[in-house]
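Paired with chain B in one complex and with chain C in the other, chain A is shared by the two complexes that follow.
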Partner chain A sequence: MDVLSIIVAAIPVTLGVTAASFAIGALLGLVLVAGRRSRWTVVRGISRSIVEVLRGIPPIVLLFIIFFGIGSGSLRMEPFQAAVIGLGLVSAAHLSEVYRGSLLAVPKGQFEAADALGLSRTTTSARVIAPQAFRVAMPGMVTWAISLLKDSALVSTIGVAEIMSVTNQYARSSGDGLMPFILAAAVYIAIGTPLAIWSRWLEKRFARIRKAA
Partner chain B sequence: MKQAESILSLRDVEKTFAGHKAVDGVSLDIARGEVVAVIGPSGSGKSTMLRCINLLEVPDSGTISVDGKNLDTSGTVSARDLTQLRRRVGMVFQSFNLFPHMTVLRNISLPQERVLGRSREEADRRSMELLERVGLQQKADAYPAKCSGGQQQRVAIARALALDPEIMLFDEPTSALDPELGLEVLAVMRQLADTGMTMIVVTHEIHFAATVADRLIVMADGRILEQGPPQQVLDDPQHARTRTFLSAIKDR
Partner chain C sequence: MKSAIFSDWAEWLPRLLDGLWVSVQVTGLSLIIGLVVGLLLALAAFARTRLLTWPAVLLVEIGRGMPALVMLQLVYFGLPSVGLTLETYAAVVLALSLTTAAYTSEIIRAGLRAVPDGELEAADALGMSRSDVMRFVVIPQGLRIALPTLLGFAILIFQISSLAFSLGLPELLSQAYSIGANTFRYLDVLTLAGLLYLAVTIPAGWLVARFERRLSRHLTT
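Moving on, here comes the complex of A and B:
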């Protein structure tokens, strides 16, 4: 098998790790940002600490802790599971910051208008605030997805057979240390570029809506 | 003013921000159907006083009662009391605060569905009625961004009216508008006053205050400086502060 088809065959694994980690991060990030805006000081403090700790650990260290540390003990884990949990946690911390910034961008008057109309907290969040915040958060979320796509190469270190892992194996066995990695780089760019273009398009589109508003 | 007639009463309402007394013991009775204009220099506490009425600012002390139902604000106000109060009191903001991601019609209908439990059809029907009343039925499907400031403010008025409030609060409703756009908003407010709506209007529009309001209140330093029929207050102010403020406005 030639190197390109080996790399292409690993694309689904890379995409799977990226997508699953992103999904976990997107949901957990919501929980974290809700915590950071809680009316209880303790909840705010805990949420903030979690974010700080997750952002303070290099992702590869977190992956090793989860896979070799926790995963080799009582809690048996497949490399893929450990990868997704690790990158999912990192994503949660990062995305919660993206959400937090986007919430700060929603004018105070929107909260006040909702309050004055007597809308419940849930209705205010779901129907008034979230849709506006989402527009602001969207470009940052896509940017994170692109970083995550590239950072997913890290999980080759815990034995997930994604692009980087299979490329490395091929390079070692074939003795060619240059071409396989250049091809891998090209594949990452080929996947990431459409995302980047989409992100810029979204950014422009939402900037137009915000200006008009 | 007899207690029995008043639809809204404030008693010794106080609100302090970071050591500064924004509202310093205001007591006020508003009669059903009365139109009250509140003027005063910026920082006089008039907007804060207004925002205390629907508890956008929770007063540090004092009571607020709407239609005889007392709310002691020194403790925590329950969510239920808050909703009860807010559904009876509508508010219009200086910056309109329409929801930019919803059409004009959705802006007016959504709160009716969520707060009053009206069906979508019922809410839309009521919204269209109100849009007609403020002269904007043709804008029903437009987004706020496609409306002028004056149109947005008229939509905001319709949105507040859609919840059938008993009292309408206006917080400098024309301050963010060009004078001519302000006029169309004032015309809608004048119409509303004619229907007998109880209104409290914080404003710098002296002409509106003089011709529409039943009572003019002058505030300074978080207190009510003086009040009375607009012509009387404007023509024969009792306080030096009022005279200085009025001449500053008139000279403009």
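Moving on, here comes the complex of A and C:
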């Protein structure tokens, strides 16, 4: 098989790792941002610390801690599971920051109006604030998805057979160290560029809505 | 049990600190080289001729579009086939410099673009030449605007330097991994390495945030 078809065959694995990590991050990020806006100082402090640690540690170190550290002990893990847990946690921290920024963009009057109408805290969050904040958060979320796509190359180091991993193997066995990596780079760029264009489009559309309002 | 862990940590620490020093060196060198190239690329993207703007934009998009890990492998395993064989250390610095250049040129370009039009018009009205306008008006102000983001990126490239592990550079993660392989105490030693990374990135993050608030104080009041 030629190298391009080997790389193309690994695209679903890269996309799978990216999508699964993103989904975990999008959900856990909600928990973290709720924690950071909690009424209790302790909860706020803990949530903030978790975010700082997850953002401060290089993702590959976190992956190694999970796969070689925890995974070599009592809790056996497949590389794919460890990859998705590790990148999912990193995503949760970054996405919680995106959410937090978007919540700050919702005008205070919206909270006050919901309160004046006697809406409960949950209804206010779910029906009034979240839909508005989500629009603001969209471009940032897509930007994170692009970073995550590139970060997913890291999971080749713990043995997930995604793009980077099969490229490395091919380069080693064929002795050609140039072409396989150029093709891999091209594939990453080909997947990432449409996402980048989408993110820019969302940002422009949001700026237009805000100007009209 | 607890004291046993700490005595091991004390035994491993010197090696890990050696590794940390390599990480810091590689980060520093890549930042210096990458920032200079990044500034040149940003200026090229502002040039009047498309002969300069197009290649600059293309290079930046390629550099930012590929994972840093691919860049490292490409430089280390790929360049020898075009006749340029580099030692691990040099290959890591070159690859991280290229990644730095691509990202920072975008940050600098945004900073240069954020310089108000009035400044350019005023400089023009004063009869300054185009290169003088760039040198004395746009670049100093643009870099100042870009500075907090650039510092934030510096923290990121320090984290990215851990990928040099894949080429066998004896930086912090490599040291931790090889201690783990010898002792089978992966969790302990990798956690310690993680704490060392955090000991650099978290305070650095606070400093950057503080610095950013200071620089933008005049905007809010």
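As a working rule, the second predicted complex is superposed on the first by the 213 of 213 C-alpha atoms of A that agree within 3 Å, B and C clash if a C-alpha of one lies under 4 Å from a C-alpha of the other, contacts with A are read in each partner's own complex, and residues count from 1 in each chain.
To be clear about the criterion, a contact is a pair of C-beta atoms (placed from the backbone, for glycine too) under 8 Å apart; a residue touches a chain by one contact, two chains touch by 3 or more.
Because the structure is a prediction, the values reported are computed rather than measured.
Which holds for A:Ser156: it touches chain B only (first), chain C only (second), both, or neither?
After superposing on A, A:Ser156 lies in contact with chain C but is clear of chain B.
So in the superposed three-chain picture, is A:Ile65 touching just chain B, just chain C, both, or none of them (first/second/both/neither)?
After superposition on chain A, A:Ile65 lies in contact with chain C alone.
What is the contact status of A:Pro131 with respect to chain B (first) and chain C (second): first, second, both, or neither?
Only chain B; A:Pro131 stays clear of chain C.
Could you tell me if A:Gln110 is touching chain B, chain C, both of them or neither one (first, second, both, neither)?
Once the two structures are laid over each other on A, A:Gln110 reaches chain B alone.
After superposition on the shared chain, which partner residues are touched by A:Ile46: those of chain B (first), chain C (second), both, or neither?
In the superposition, A:Ile46 touches no partner, neither chain B nor chain C.
Residues of chain A touched by chain B versus by chain C: which partner has the larger set?
Between chain B and chain C, C touches the greater number of residues in chain A.
Identify the partner contact of A:Gly118: answer first if only chain B is touched, second if only chain C is, both if each is, neither if none is.
Touch status of A:Gly118: first partner only.
After lining up the shared chain so the two structures overlap, which partner does A:Ile57 touch, if you call chain B first and chain C second: first, second, both or neither?
Only chain C; A:Ile57 stays clear of chain B.
Considering only the defined contacts, which chain B positions touch chain A in the complex?
54, 56, 82-83, 86-87, 89-91, 93, 95, 97-101, 110-111, 114-115, 143-146, 156, 159-160, 163
So in the complex, which bits of chain A are touching chain C?
Where chain A meets chain C, its residues are 52-53, 55-62, 64-65, 68-70, 72-73, 150-154, 156-157, 164, 167-168, 171, 176-178, 181-182, 184-185, 188-189, 192-193.
Give every residue of chain C touching chain A within the complex, in rising order.
Of all residues in chain C, those touching chain A are 61-62, 65-71, 73-74, 76-82, 159-160, 162-163, 165-166, 173, 176-177, 180, 184, 186-188, 190-191, 193-194, 197-198, 201-202, 205.
Mind pulling up the chain A residues that touch chain B in the complex?
Listed in rising order, the residues of chain A that touch chain B are 107, 109-110, 112-113, 115-120, 123, 127-128, 131-132, 135, 209, 212-213.
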